[in-house]
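Pasting the structures here.
Look at the two complexes coming up: chain A is in both, with chain B in one and chain C in the other.
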Partner chain A sequence: MARQAWAVVRKDLLLEWRGRSRIVSVLLFGVVTLLLFSFAIGPDSVILQAAAGGFLVLALLLSSTLGLSESFRLEQEQRAIEGLLLLPVDPVALYYGKCLSNTLFLMLLAPVLTPVALFFYNVELGPTGFLQLFGLWGLAAAGLSAPGTLYAAMTSRLQSQDVLLPLLLFPLVIPVLMGAVKSVTLVLTGDPMSQIQSWTLLLASFAIIYWSLCGLLFPHAIEEGS
Partner chain B sequence: MSQRMTRIHLFGLGGLLLIAVGTFLGLFVAPPERYMGEVARIMYVHLPSAWNGMLFYLFAFGFAIASIWQHKPKWDALTVGCIEVGVVLNFLLLLQGSIWARPTWGVWWDWDVRLTTSLIMLLLFAGVLALRSFVQDAHRRATWTAIATIVAFIDVPLVYFCVRWWRSLHQVQSTPETVSSFMVWPLRLNAIGLFLLTIWMVSQRARLEMIRHQQEQIDEPARMAPVGGLENV
Partner chain C sequence: MTDTKTNTIAVRTVGLGKRFGKQWALAHCDLEVRQGQAVLLAGANGSGKTTLLRLIAGLHKPTQGELQIFGLDPQRERLTCRESLTLVGHEHYLYSQLTALETVLTWARLGGGDLSTDQIRGLLDEVDLGDHRNQRVGGFSAGMKKRLTFLRTKLENPRLILLDEPFSALDTAGQQLIEEWVDGYKVAGKTVIVASHNLPRAALLCERAVYLKQGQMIWHGKSSDMVQQMGLAS
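Presenting the complex of A and B:
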């Protein structure tokens, strides 16, 4: 199963590398979102610095939704999903392959959007802080990808995917949003009470629960009607 | 009318009767609460809405598992019945909570753990209904509703704990030992009454869904007919 999942990851990464359109448009969307947040708050650097963690995570979350909804669009446009399902591939392996490629894709957002946010919001961060932040975003990306991949597979077959995916995903990933906002803010502003571990644990728990649950449910989600 | 249908209607009637008695006791017999006064009487409808809302989400979760397991239309009909009634009770819970919060906390809304969790729960299950409304194929609609219900239900404890870490202001739960029996009885009667009434509502909604399912089965051959066939008749 691991080999099949890895084949799906390789296929997705190769397609992404050859096209590069999805990553570029999603990154640009993230940068525009960061810019809009600063316009909404105004030029007060104290408020912007205090809210930097929240804005960065929100920009990453909004960009992620865009990336996730695109992840199955390609499969649907060329009816490639039908070809994939006809292959002797375990649907669970297909899910974990798509989920892992989505996680890697979302993880790529942080190294670009974090320096932009630090630049706009005037926040300073050392190399250790950067590493911590990318680690935390990795956990958050894993948590977002698990239900995101499942729901993207379902909603990509519907005409109203652009509305439905955020409608289903945003309330569901509130624990990820809260965990990521709190922990990223603690990395940016300091953590004298050592609270970051609790929030990291929450992010890890969410990821583990939904990777397991959605892996079980995915074969049912893609089965054809009787 | 079949005997089974009559029994179901008895649930509805019994529920209404218990709610009428419970509400009368709550409004005219139970004493005002020591600190909050008359405004606390809203708990006689607020708590039954909360308990039954949670209970019927739990039932929806159970029916969703059965629906995925067996693919029988009745489980899907019961899942959607429980979710719809749960969403209505959840909305009423938030509305009553706001009416109570204004004179007690001085605000209509606060980011308290139970308020926030209730709001997120409402959005989670309203999302399930939204997804359902976009799916035409009956089999796929049932499966996706079940999947979204399971995924949403598993999220509730996680949301509760993370909002609790975030902040909390809500009342700590009372127990029957710490509350006057004049207050306990209207609460119990209303809770049981609402439970029976909700069973009736879910059964009626499930019945409607089964009729809709049967109609779709009849319409299906007509929909699948080639262009120029039945469509042009």
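Presenting the complex of A and C:
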């Protein structure tokens, strides 16, 4: 199963590389989102710094819906997903492959969106902070990708996917959002009471729960009428 | 060719039906196909041929009736059933951004095998796509896509091959290639079910035929008799 999941990852990464305009669009969308948030708050650097963590995670969340829906749009082109299902591929392997490639895709946003956010919101961060932030970004990306991949698969055959996906996804990822916002904010603004561990644990726990649960549900979502 | 046939039932349907919304695409279909047989599914557009093939492939869940593939329920034993069959349908199951070589490599990897580049080149040569191996399939003609998709019947080495309109979009050489491969599969004892509007060509490939009309199986018998008995001579 791991080998098949890895084959899906390789295929998806190759497709991402070939269709580079997708990641560029998602990146630009994230940058514009960060810019709009900074305009909405105004020039007050204290408020901007306090809200920077929240805005950064929201930029990831909003960008993720674009990336996730697009990943299954490619599968629906010429019914490629059916071609995969007709192979003796375990749908669970298919899920974890898609999920991992979606996580990697969202992680690629971090090196661009983080410096942009730090610049817009006037936040200074040392090398350790950057490492912590990228680690948390990875957890948040994993926590968003797991239900996001499931819902993107469920809605991929619908014309209203672009509307339905965020409607279904956003309520479910509130715990991920909370954990990510709190822990990222603590990295950016300081953590005098050592709370970051517990928030990171919450984030990691939900990522694990979603990865396990959605992996079980995916075969029912992807196969017709199961 | 008959010596490769066995008493094993490759496909058995009992009262099989599929409804989409309020419309029955297929109803009360009783069919038995023995291993090694080649069966032609004939009928007008919307008669249920594609639905029947997709049910057999496990892409649709039956609304009513029973379906067995080599004695197994494809809804319960999905992976085992899918190991034993392949479907080449109207759609090509391709990613426009991948080259022909990458496409076959991806199918091979997902199917559990790992072919060398030389092996894939050999396979692509067989369908006259060797010179186009590094070309993205998005730029392929419909016929080239069909040839590439048809490679799956060799790659997956299934016992049951489902072909939906195999001759469409293909030039004469492509159609002959399909015929040669299907003949080879029959000799090898594989079961082939072909849905086609190209009755003269498909009837030569298949010894048995089933005629569907508005989702109902209204006739079955020898392919050679079908054209005459159903008044299909053009």
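The working rule: the second predicted complex is superposed on the first by the 224 of 226 C-alpha atoms of A that agree within 3 Å, B and C clash if a C-alpha of one lies under 4 Å from a C-alpha of the other, contacts with A are read in each partner's own complex, and residues count from 1 in each chain.
By our rule, contacts are C-beta pairs under 8 Å (C-beta built on N, C-alpha and C of every residue); 3 or more make two chains touch, one makes a residue touch a chain.
Keep in mind it's a predicted model, so treat the numbers as computed, not measured.
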Which superposed partner A:10 touches (first chain B, second chain C, both, neither): second
Contacts of A:86 with chain B and chain C, given as first, second, both or neither: second
Chain B versus chain C as contact partner of A:194, first or second or both or neither: neither
First, second, both or neither for A:128, with chain B first and chain C second: neither
Contact residues common to both interfaces of chain A (with chain B and with chain C): 223, 225-226
Sites on chain C touched by chain A in the complex: 57-61, 75, 78-79, 82-83, 85-87, 89, 91-98, 102, 106-107, 109-112, 136, 145, 149, 152, 156
Residues of chain A touching chain C in the complex: 3-4, 7-8, 10-11, 14-15, 18-19, 74, 77-80, 82-90, 223-226
Sites on chain A touched by chain B in the complex: 147, 150-151, 154-155, 158-160, 164, 167-168, 170-172, 174-175, 178-179, 182, 198-199, 202, 205-206, 209-210, 213-214, 217, 220-221, 223, 225-226
Chain A partner contacts - residues on chain B that touch it in the complex: 68, 71, 120, 123-124, 127-128, 130-131, 134-135, 137-140, 143-144, 146-148, 150-152, 154-155, 158-159, 161-163, 165-166
